[in-house]
């Protein structure tokens, strides 16, 4: 057999249920997606059934309807949400959990949310941004002026786990995303200790040209194919 | 005619000479490449012939042999170099200019160099990194401890111009790079007021799938095909 | 003044569309701004981008040809033009903050006379939704705010000082409403255009800050 | 002690290769470290990466099949294995600093007893070349330094305190030389392995810091 990256180690898990089974109470979970696009619904549903409690969920939105993030809020598994756009129609499960005082919300501007996650993935200690300066979302943030421009300090946002969604993976975990389903998924995959990917289709190692990989497999720990249970 | 991104505005320049002709004395020029790979040699040679003076050149290396960056140092056009690996065999033109006291060198760790350029391109004010802490390259840098880890503050490094090299461009300026010739090119293209690209091959708009674009054309101002004068 | 004199939403959107320069790179915010896309002259080649990473957004899809992975910031289905491309979220906001976004069109609850923008939370709501507005408000080279001139109870939304939480201080360059187009300048608010059914006095009566006629600029 | 007793460069490289865990993600620095690649067991699936963005580096190319765009950090031609991928420079260093790089193998001028690494400039040289060494030294989960045990004039390179400019303080976990393999521990330098032609006393005689035998650990 020809030598391949990672020596043919199998990252494929037979079910979403097994792939998320060791996520522990209190974990910080980065969840990809924007609206309903690029959301790892299968993994989230498995996590809701697994019932790890006291989770911190980092995701742009807070779920709508009954599936995905909404199922986590409905099941009372989330104690903190970090999001940029939590209040949208159909978010009744988040809203109810918030109104019950069960969930703390950290509202983060969307670009800062993405950059804080990237900052963690890049192993940096923090960054200065103009975003939010002079607003109530800067409360509690240190400020500083650099070359006449005023910034606030933002700190990295790292996950214990990232649950992400991709279109295609090769067996080495190299990923491709489709259109706006890319969104937060690659940066989150780089910023967690354990990255679990729900993927539409798995192809053999070597089927992707190196230049066509959106996210290298070194950032991917577990793959769950959408057709699996 | 079908509508295309940018409305078919022509970014194609007929020669490298014309494309770099308005780079002015004292400009900060970001130059892509690592070693000889991904270096925009054609643009650099045109710049050396154009003789803008007092340039600050930001590039991983400082050129070897007679071409590219070496030609700029040879012609005495560079007053400052920001690089991570300036001293390698064949860098006699840089070395001579440095020894004459003509060129100031800012030596920057490679990851910090890449990140300072990205920081500029991302419109951020600075970042904290562990890299360099406790070394003489941290001299003059502010330090700070965050959650028990010690960091130094690094500031964005923005270019007036970026000279980069790509493999394929469509007419809208969307770029693809090849293998390790990608290196600094995309981040530099995002961090300059004017981005000029030397490209091996130009193809029609629509020939690249949106998911296959490495660098969107919104970051690209001018294209020079390698076959042009 | 007729209390109903004013442009329709699509007229406001068309007015904004005319002000976007050919070839410029533009972000349209959720709500009213997103309507601008439908009014762009295809020949002008305005490049529409969205904070979820799409560059080169085209007209809405035909009813049965909608690609579920192609949505704009408002989560509505869109299309991609030939020459389109995709960025991840970190790079999409690098584009927004990094100097390559020419115009951000932002919905607004209030705009102050010095250009403060309030757009993400009403004081009566415990939950806001900031989305990308704060990034666009500081990152785009020009920031256009679009809103109805008055709120549903008839209160002016152009004010001396914002009473709603800010999105960013001193960021709005121009305000588009159903009644007027107003520039925020060092000298104050300058009326560039008024709905033909209104006088400057009519406009002043429903505006919470001083307005200068264009000639005064 | 024979002043010549010691492993050859390729023996050192092979020794390091044996210590790299199957499936781990590894960066090999310029110079001696880069030789490690040739000694890896293909079946172990160690993932070689380079700071110029290649992931999944394979054996050197056959003489006439070298792709000029495929080079490693030392600018030498390499190949890519099936499953390889490419990152830009900013992301390549995100990988290095962000926790996914298991081992960085770094060349060294000096290593101190507390693991300080000096590798980028000799004090006599006005110009240094730091490259990616400072990032790898703080970013990799484990940092292995590799060097000859003594410099050309016979001076020890393992020292109490580095006299050369530092690459990073307290970063080296293990030192590989032509004479020994030494761990940097809280207790001090612990000798894991000595060249069979040398005694611990021989080694101590050419080492500028205290050495503890493995048993003492």
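Letters are used for the chains, namely A, B, C and D, taken in the order the chains are written, and counting of residues starts over at 1 for each.
The working rule: a contact is a pair of C-beta atoms (placed from the backbone, for glycine too) under 8 Å apart; a residue touches a chain by one contact, two chains touch by 3 or more.
None of these values were measured; they are calculated from a predicted model.
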Shared interface partners, meaning chains that touch chain B and chain C: A
Smallest number of contact steps required from chain B to reach chain D: 1
Pair joined by the larger number of C-beta contacts - A-D, A-C: A-C
Mean-CA-position distance for chain D and chain A (Å): 34
Chain centre separation in whole Å, for chain D relative to chain C (CA means): 55
Whole-Å separation of chain centres (CA-atom averages), chain A against chain B: 32
Centre-to-centre distance between chain C and chain A (centres being mean Cα positions), rounded to whole Å: 29
Touching two or more other chains - residues of chain D: 54, 80, 86-87, 90, 93, 96-97, 139
Touching two or more other chains - residue numbers and ranges from chain B: 115, 118, 122-124, 129-130, 177-179, 182, 210-211
Touching pairs among all chains present in the structure: A-B, A-C, A-D, B-C, B-D
Interface residues, chain C side, partner chain A - complex: 50-54, 67-71, 75, 80, 86-90, 92-93, 96-97, 125-135, 138-139, 165-169
Contacting residues of chain B [partner chain A, same complex]: 115, 119, 122-130, 144, 146, 149, 151, 155, 176-179, 182, 210-212, 214
Complex contacts: residues of chain B adjacent to chain C: 2-9, 118, 120-124, 170-172, 174, 190-191, 193, 205-206, 208, 210-211, 213, 216-219
Touching residues (chain side chain D, partner chain A) in the complex: 22-23, 25, 42-47, 49, 54-56, 58, 80-87, 90-91, 93-100, 139
Residue numbers on chain A that touch chain C, as the complex places them: 34-38, 60, 84-88, 95, 98, 105, 107-112, 114-115, 117-118, 129-137, 177-187, 214
